[in-house]
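Each in structure tokens, the structures are laid out below.
First chain A sits with chain B, and in the next complex the same chain sits with chain C.
Coming up: the complex of A and B.
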């Protein structure tokens, strides 16, 4: 029993009886098979949901007025499924396969591997069960609520990271190959990003501790981030950008450095270039996040840092791309006949295109045109469909027949998948580039008299519909390709042997102490210790040591990635001048807060921004540009990243309650050709007033000055009173009877919308000095 | 003096330049290491993925006595 337990946590290694010093071991390919299947299946789910929401933009009635099919709720499901379910399972399959072979060791613990697999699938299922029901934190790519956040931290760091690091420590190959460096960077940085971007207060637990009861499941799952406004925006896009960097780039580069040489049957073009690629990339990437917030209320210095580092990022990225493509030197003839190599070549090419476009979009003048438009969406999809998707499929086609110990069922189907995917991507990306640039140019167009050429936002929407349909066709082609892939891999699996062979490998264990061979010797004749040490340093001993010591290597990776975050975040949080306060900005009323939570739950930020940039074409269309001090009570910030609909930062007071009511009932009634879905459930579902005190109390814990609202359930009474006032006003404007609407969610949402952006135009309360001056003779 | 006060004294407009200097220092150190790395060492390391499936001993399978208790199933 004890022996079995020892083997369980030591990769099942045993001493071979015949060979002194050799250890035998068997790779755990079963876990790779499980992750591979999960990749294919979740990929199809992600692509299918993508097609559904693409149809909804071209044909809004497709949502059928059903809450959990609305665009705002499904889009986070699509992005989370594509990133964490499809790409996530893909990188786990790649890491489990390649790490064992590069380390010449079985994964350290089969139990941790299985806990990782099932834990991750449970997280994905939890996402699928919460996001469509509006349970969300309202931050892009970090939507999952707090219990799932905790699960992610445990599964990622303990089950996956712990198992990976222990495997590295127990490896039998002295040098840690560069692919493993990228995996280390992935594990370390994603942990850091996830933890710091998901610091929150669970509103349900606050209520439970204060009152000894939980008013609803909705409140139990609700949390508010500790950051607000500008600071929340900086943290979110530090996370959001680096999720792209360290979840969708570094692990795929590790995948490239392992699987591309395997498929091409030749070593990577330049190992030296891969080292420069690695360190430059991880050091630079982490600084680039603020380029997502150009011309917003983010301070200019932070924005400039983001732009400078984004442009610098171009160099290592293209170094990596060239290294990947040049690995095929002498094998280009095989690319024509081998669809697997085709997947890799197009994947790496898309990496090059995306990493050229990313720095381009980070340049402020370009960003002023592209930001909030579909250009960003095209950029993201060229990266995910082209780079992540094709690298994953290339890997699966190379790896799965080997895992099933058989041949690929059909090379023709594989080629068909490749061409369907490629055609789909081209259609998708070109149409959406056209849509994005069209939008951007229309928003900023002035006529000869100096007025906006397209003052009605809807004009800039309807013109895009044909391009949205082309996107649907592109998405369908890509989805069809993936289904062909599933069939091909399923048929491959069916031809597997009755029982898998398990190949027993042998390798000597590494010596216990550190082996620095070849050890640098001082080339100096001087007898100063400092000179000798310096000469050894220049010979690169220090880096060779890092390449052989996983724990130290991991620590230095953490240092490299932490510098950028610290230098950007500390001034932002500590220097008060970054967020000048505005005396007229006050906390939301309890009802407005409840309405804001509905705004978050419905995913309104997926289509509407709340950030007016200081451009004439924006201030003429939307009003006064947004100031940092306006968002100090916004937990979370809701600036958004795209404008499928108009900006809402100054929506308050622009329209009547009745207009909003009718708009939610059927947007086309008040805005012909609107592509916004109907939100009829908001007209019928009731506000849970009992929850409101818990929401207000949580905000107060975050420093929002609610004063009297915290006493004796005052928040609930205040919310009911305000709801009645709005319902009566709605009735006066020709809406339904107040008795019918006063407890409905639509009233809370209207309360929030009517408040948005109005504080800045209020008269400041008279100070004591002013009062004194007025009464003085 | 609090951390807030210390940071508030800083001229934040120099941050991009300071960041650039950080990066260049790290970049040139790595570049030096890479350029001074012996070619043979690089080639050996680059070949690791191509050598990782090399079996030093005859193949043993689940049917052999070495691995008969692994309980391998069709996945």
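Coming up: the complex of A and C.
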């Protein structure tokens, strides 16, 4: 079917009437129009959800105690919408528009283009229908559950990647332009990241195979990553960091390299810089992930690798900024009057700022202050709102009038969008930087008697509330800018011609045996073969030849991006000293496992970390710092990245069941001015005991030693018994009658909370294998 | 797009012969400072790895943490570290403003979630600690026992994250609250009257 469509549309192969050997072709602008509209609409959705969750932090009652409006469930929707729906559709619009023109060819298959478009929108809709309902894998920006993961892999690699690569192969332009290099890197690397971070076991299928039935839709959609603890953390942040690199950076650099010179009508500043910054960027970026895990239980060598590669990444990133800003030389007078160029200038400037800040934050000592605070949040928003958002809007304002074959409805509204957006970003970023640094400094403050100045975590939260309100205003401004943009683009669309003119282009097919690339001559007089070869290499003409060979180019890209991941991941999996085992760490009980899955489903990791760093101010507040061996049964790891609430790594046993029960019912009841939402539904919704066996069996497949629990539905019985014990204790402490609570989700979650971080301080059982067990220092 | 306005004398830049959909590229060299910083960052990285991971000039994460803990213990606890856990220790803390304020800091981080910000109690979770009525306590050292082991009925959990000196400090602070009588939640005041605690031991301010 795809081939048929290709024949119909890529029927460009018809010869030019004058028999001069030219082929005629028409660009597919319809698909670009579809992606463009999707970008604007999903952008507004992403910004709106952002504003909602921003309000929830300043005013927690805004969530009204409704499960699918709670911060922990909506925040993943916000991040996924901003990254994959807004930025995603934006890069697809950019790629479909520019690739056709840079290749002088229509997209290879209209069918694949359409499958890509509708498949991607379906993925976004399914994200919106799962994440707010607690269907999540609990790993940041990779939350979507396994059936959607599979859909992403197919849509991305087969529909999008396949179509793109075939278009490159059937191009009529001899060399591929730098924008296309960045698109290639995007497609190859995102595929690799997505696949390796999403290796899981679907718990529902495990149950189905063993019992011939599916106990619930919840279990059917549930999966566990094959990695646990330290390894899962490494894989996740290899993915998470490179989602930033290869979803939010490389495709946008490609976008910049096409649309900025187009809009500025200026040549690109330096071709040589393009080459060196492209290869250094993609090679180095992939190593930088571990800087998200400084001072965690990740071994220090990996942390160092993450840091030094981030520092080395500074100039490769700035190569893109230089090429962007320097291309505008001679066009600065137009920047003042042209809002499109303003979007690009501010976008590229924000790119420069965040790629300076990135290496800075990856320096361990700086990171010790910034990590877990709003500083990181400010950093990513300067990147996404400034760089991704403004580059996308600049592109849309330049491209959409051309796609609608008319003029932009209003330059004034466009300028208004620019100023609203800029003002919004300034308010957002400044207030959240202030919040981050304030909180970071408060956490580490000691008084003269050597104790924490702010021992109660809540004190370090309430002080941020005014800044959270400023963020809300900033977000609203940015959102209103986008709405002004939507109106402007809609009005532009309304002035389109009754029928779009289909411009026919002509170009010769590429001839075989081309050999006209410049050949470097050695400038050296020494005339040693090695010296000459080295000098020729340095002159870079070999790269020109590579630009004619997209498949070879793609393979080299794959090699460049694979190295870093392999070097970091393989030792982490194979060298056991990276995760010294602790003999007293045991698997979660079936009920605790079910409770942990509730923790994941509610998105607790969005506000609570489970990772105490080896700093005095952390251990004085939270207890002994976390050890790698404590997480060996954590599929997935839940270390978190932001402490909007306190760390929970050693929460077990610190409070009574009753305290937790009342806290879930209404956090402010026991913790005055808490900004945690009420979790009343956990008090009412029942645990589905039948499916617990499926959860335990899946864990066992991943190597968790569950022993007797695997037989005869033992897990179910065990979970019911433990639930009864906890419910009785709760009743005894003054809580509701055990009969009322013993089958409620809150009991499972309390079981998990009371277990957290306690194994390390248990007395080792007198068994034979204690001798083999190594306890980390 | 063929006509450029060269207001900044960019004519001295040489164009390559590349042209993609009208986009041209200059053959400009890479700025010297770009090379300089890039090479500098590589040199720094090698230097960093060698110094941090291949020499012992910089203490490891664990060493530096343990060192800080030891130094902090000296500041926080001083000679308390040599005192056995008994009533004298608690009374000594009560007689020392700095140690007592440390006790308050520990209380604020650990106990307020159940006993309230001012130790006035939270109904159903923790007793008012500022009145004269006691439930599990008949003498000062009982407070220490409660912090270390919790209550037998699990209504109060053991505070396992505190070390011995921290326990002494927070217990002394709680003892010092007795009789400050901050109004607690509504409802009956629970517990029994117990004999008064001994007077704090105030030492000379030379140590």
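Following the convention adopted for this analysis, the second predicted complex is superposed on the first by the 722 of 777 C-alpha atoms of A that agree within 3 Å, B and C clash if a C-alpha of one lies under 4 Å from a C-alpha of the other, contacts with A are read in each partner's own complex, and residues count from 1 in each chain.
Just so it is clear, a residue touches a chain if its C-beta (ideal position, glycine included) is under 8 Å from a C-beta of that chain, and two chains touch if they have at least 3 such contacts.
A quick note: this is a predicted structure, and the numbers were derived from the prediction, not measured.
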Chain C versus chain B on the shared chain A, clash or fit after superposition: clash
Partner chain in contact with A:102 - chain B first, chain C second, else both or neither: both
Touched partner set for A:672, first chain B, second chain C, both or neither: second
Partner chain in contact with A:621 - chain B first, chain C second, else both or neither: second
Which superposed partner A:574 touches (first chain B, second chain C, both, neither): first
Touching partner for A:655 - first (chain B), second (chain C), both, neither: second
First (chain B), second (chain C), both or neither touched by A:736: neither
Chain B versus chain C as contact partner of A:287, first or second or both or neither: first
First, second, both or neither for A:312, with chain B first and chain C second: both
First, second, both or neither for A:173, with chain B first and chain C second: both
Clashing chain C stretch [against chain B; choices 23-31, 77-85 or 113-121]: 23-31
Residues of chain A that lie at the interface with chain B and also at the interface with chain C: 98, 101-102, 104, 173, 175, 177, 258, 261-262, 265-268, 270-273, 276, 280, 301, 304, 308-309, 312
Of chain A, residues touching chain C in the complex: 98, 101-102, 104, 173, 175, 177, 258, 261-262, 265-274, 276, 280, 295, 300-301, 304, 307-309, 311-312, 314-316, 318-319, 322, 326, 329-331, 333, 447-453, 455-457, 614-616, 619, 621-625, 650, 653-656, 658-659, 662, 670-672, 729, 732-734, 761, 777
Contact set on chain A toward chain B in their complex: 16, 19, 22, 24, 26, 29-30, 33-34, 98, 101-102, 104, 173, 175, 177-179, 257-258, 261-262, 265-268, 270-273, 275-276, 279-280, 283-284, 287, 299, 301-302, 304-305, 308-309, 312, 403, 496, 498-507, 538-540, 542-543, 560, 563-564, 567, 570-571, 574-577
Residues on chain C engaged by chain A in the complex (per definition of touch): 1, 4-8, 10, 13, 15-16, 18, 20-31, 34, 37-38, 41-42, 44-45, 48-49, 52-53, 60-62, 65, 68-69, 72, 75-76, 98-99, 101-102, 105-106, 108-110, 112-114, 117, 122, 124-125, 153-161
Chain A-touching residues of chain B, taken from the complex the two chains share: 3-4, 7-8, 10, 12-13, 15-16, 18-20, 22-23, 26-27, 30-37, 42-50, 52-53, 55-57, 59-64, 66-67, 70, 72-75
